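Chain lettering (A, B, C and D) follows the sequence in which the chains are written, and residue indices restart at 1 in each chain.
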């Protein structure tokens, strides 16, 4: 009976994703061309990694608004670190260093909210302001030119793990970033489902009092959850800034709403400590397919924002109503 | 090696000014099932927390299998074979049954990785031992209260517990589930596991315990074998005064106040008909899943009826949820006090006035007549003698009994014509329970239509004048309270 | 309710009294009858009083606008003035308005503004001028309550230049598409409209791939960062395979559009005419995706603005041919309240290294 | 005095007031002759009036247990529709006289605000969807709608009365501040005196218990979203009066500032809590920091950091753990210096 329930939550999201994709493909067949598919996957990399991190914290019942400041700050510290040691960076250490910075920064949120029993959401509003600006008070300029960026990092955007010539003469390049997304998702899935600490995160989300009685230390679990959140968001951040080729603090600010939408769309439920890696990937797929095809479909420039808002609303309506219908005919 | 598994000698504990335990002794032999009884606030939960290592005692010693400790940590307590099943079971609703059972075992044995297969095997072994069918893959959220209890017991057994402490195990259970629990307890005793059974429900105490230790205000009152106790004596020791239950005889029966004909809610209950007359207290009882709570919520308008008619003083009622029931004068004391009945961290005054805000703000701007509201609240508090410090204190600072009186005050404030009470004395000490029963009877006398829905059979028998038995969504019988006793009523519950 | 009313009024009274008490009677003459507590500019021997100058940019934290801080400080040292560099952390006009109001409260002698939404600042600038501040804006086309607006070049000229470059480098029958930061950024819209009008007039078989709304071009919106312009450009390229060139007016969008072109392997067939810092788009010049770019050094415009302000205070008039003392502004052209320098810097592959030094 | 200080609610108000005054003095001293001027007072109060009304729109939803991310988009849409009517762009021929256009424009703006509340309310209260996702989706919906109406270019100019509201003063006090003060008095009245206010607080404290107390959550939540829409519309008109122009992408930084102010007013700390008066004081507090720091020549980065740090400090000071430590310190101080006469 549980097997059926698990699949059902996922099937609703996959059905919604396929529904939107087929409707788009009917209107504009180019949506399913190799180029566009690779392009959509590339667009989903940042959202995917960040949403995975957001989910880990949401499972413990906390909602964090400072994700973009943490990702920006970790990227900045990583780039400065490379400049100081004069190393041009590489595809492995860039993510490890950024992830560590992100984990350390995010753990501050976790510590304050757990130690003083404040809601994570409330703390994140304060720390979002601090993380986003504390380092730039003293710097003459918070901008890093392309020349000053570690050169190998700049190659991230042109490195494709799969490139083929699509029909319309446009190339289809699958960016190496997808490997990072897949590895992060796999690692997080293993951690959350296969390790005792990972189950502790679900336990903390299930019942804050019982988790201590069973033998977990709530502070450790909270710090680990925030560390995973910080690491994921930081990895997404360094990936974003390597693609951008330059560093400006304000660049990443408005990407936060998509990450939150993907997490909630992916079936993340703070009250019941629910959330799964599969659900998140489906949520990210839905948000990306909505946001990355409208111009291709010829939606006039003025109507894009309106259409995105309308589709997210209808999508949420669809998944909630079908979930409620499932709940009812399962007799619960 | 002393013949006792656990000995508590002269343990005291106080929090700031309050002295919770004063030189308490307790002895449990392996395989013995002892009941620790006492009113709410007598210190029994503090004593459990000391045994399970959550609190450290101010003085005295804890001797486990001859080894003496001045204080225990949770891990030491578990290592010594002590397991506690709390009243809320402390399970994880979002995780599966197998995982809930195996989690503490894995943590205790410092397991790093998790394998679903291993968890299922561990869980299966214990569940088969207990002999209660459980779906190991179901999420605990979807289980009934009885099933959750079994999961908690299995978790304790998995850690080879030699002493299991159960805190108020039967409060939320139905009669059938309580019977199943007793069978399990027999099984545990047979395997030499000691049992401490904390309860304030007299009938449970007599049925299960071999010996009894009663506490009052943090001190030992009496400790001895079950044989030399009966119900009256136990309540005397617990409350320090004589508590007598007499069946309720309404003085005179007035005209019909409330009429229900052919009520139907798809998949829950159908053709429910009854009438309520002035002065009587109608009791509705039935097992969990008999639809009694759904019926109450339907009458209160929270669940739209699929069929049937409700008439109050002759006029037909059309309930469309929200405030329509309250406007018509129907009050409902919900089953779960902490989440449905009260606003926990909100002041007592605002809790009591939650139902009558509209009544005291009839002017166009909706301005609340604060003085009038305050007078009404004070009157209710006075009428129900609610013991409280200041009306502005949060309601969470009150004892269980007083909290229930606050919810009752909330409903009496709306001047109800009909009052539905769903398990009115759950988690309430004997003294307050007695007091609430008296209040129900006096209210009935004053002409308010009283319907008590409960599965606490002694309560039904002592408060109600007429009893309707409900099973699987149907009324299976109507009886006068005086020609009924507990055993016959118990039998009828299970009958289809 | 009474409690609330009394508290609120008390609060306002305290602040009002405190501030009025300190205020000297004529706000725009900062040092007449200076209250007793000594301030550092007490020495009367300097011929004219120490100027306070302030600049409000679209957002702080990017090289483009920080250069206005560098040149502003340099000008202030040369002219013995206090320079204030003010701006929001995120490019949002509400945040900029708040910075602008604070800047006006500084009662500066010269105020420079680079408006996110020009008409949003118009009302406030009227107040600034009423208190005697000289308002000299940059990228402020469409503003009325200003003394002067200084631009490195005339917007039409800039747009027309790009149309000519498009014809020269891509071909007379090129299919082009314009990309702006947001549809509400006046300078970008002016350049796109000039490009469109000039192309229609002089290069008839050049076709515009953008939507048209009543004969007017509706450029693509690249958003404030390179990621949104990247996703937008990828889709537009697939929807319009016939496209030959993007004219990208917003410096923050150029990187995104170029990345999209290179990722779709269209580096040979689709080119970019870029506006923006050379250093920010260096790799795309080297890869040949950007065939021609132009920029101006905002720091120079800042220097010119302060210089114009100072001359206005000294009662001088500004006329065509004046020299504002900074490279590109040695002989300006004045057209109404608009001042154009010829501080337009072309960027091509060969002068790339030198341009990267500038910005 | 002891009774006033004793009550926990008042202690928070008094401490907030104290923090504000102390900050005013400290930050003012960086650039006294520019900070303590009527000019600066008016500029500060105009700014905090705008933030204040958006904060009210946010507070209405936070107090009933939700979050409204669409307040700015609704404000822009309401102002754009109202402004277009005022400028005669829409129904220009039907309504000719400027006064009629002004009044109808205001009415249109308020109606649009309330209607947006109905839409938000329908999804959150009717269908029970998460408020955060619904309002962030409707925010994009309303901003998109505004973009469609304005076709990207701005509506320039405003009727004389509107621009006067934004710039003129009455006896030295900006009209905007008086408008904001009016809104706060209305909000204080609603949330302290009326049934709807009490209902909102109960709904915020425990939605299930409110339902089981015979109160209709749907009606209360719908009304609170409509009230939030109403305040958003007024916020839109205030922004319009400050800019005398209308844009679809104005002000998305105001949402986070509004949340900051509502939080400082103590809204989230206790579910269903937060007093309108505390929010009003917090407004002055953050505005003094913002304007004071700009006048003293430090960048917005410093302002954001100090905002964040002050918020965390206020949150921590309210937690029981710190309060015990504080009371122990006070106890220590009292024991060491036994004060004469009054009972401690």
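Note that contacts are C-beta pairs under 8 Å (C-beta built on N, C-alpha and C of every residue); 3 or more make two chains touch, one makes a residue touch a chain.
What you are looking at is a predicted structure, and each value in this text was computed from that prediction instead of being measured.
When every chain is reduced to the mean of its CA atoms, the largest separation from chain A belongs to B. For the criterion of most C-beta pairs in contact, the winning chain pair is C-D.
Centroids built from CA atoms put chain C at 70 Å from chain B.
Note on chain placement: the centre of chain A and the centre of chain D lie 30 Å apart, centres being C-alpha means. Our note on geometry: chain A versus chain B, Cα centroid distance of 44 Å, whole angstroms.
Chain A has residues 132-133, 136, 142, 254, 301-302, 304 in contact with two or more other chains. Among all residues of chain B, none touch two or more other chains. Annotation for chain C: residues touching 2 or more other chains are 60-61, 89-90, 183, 218.
Chain pairs recorded as touching, per the definition above, are A-B, A-C, A-D, B-D, C-D. Against chain D, in their complex, chain A makes its touches with residues 63, 112, 115-119, 121-123, 125-130, 132-134, 136-137, 142, 254, 257, 260-261, 264-265, 301-310, 312-313, 316-317, 320-321. Touching chain D in their complex are the following residues of chain C: 1, 3-5, 7-8, 11-12, 14-16, 18-23, 27, 30, 34-35, 37, 39, 60-61, 84-90, 92-95, 97-99, 101-107, 117, 119-124, 126-127, 131, 182-184, 189, 213, 218. Contact residues on chain B toward chain A in their complex (touch as defined above): 74-75, 78, 84, 86, 88, 90-96, 99, 103-104, 106-108, 111-115, 135, 137-139, 141-142.
Remark: chain D residues 13, 17, 20-21, 24, 32-41, 43-47, 50, 147, 151-154, 156, 163, 166-167, 172-173, 177, 181, 184-185, 188-189, 192-193, 239, 242-245, 247-254, 276-277, 280-281, 284, 290-291, 294-295, 297, 299-301, 304 touch chain C in the complex. Of all the residues in chain C, the ones that touch chain A in their complex are 59-63, 66, 89-91, 183, 211, 218-221, 223-227, 230-232, 234-239, 241, 252, 255-256, 259, 262-266, 269, 279-283, 356.
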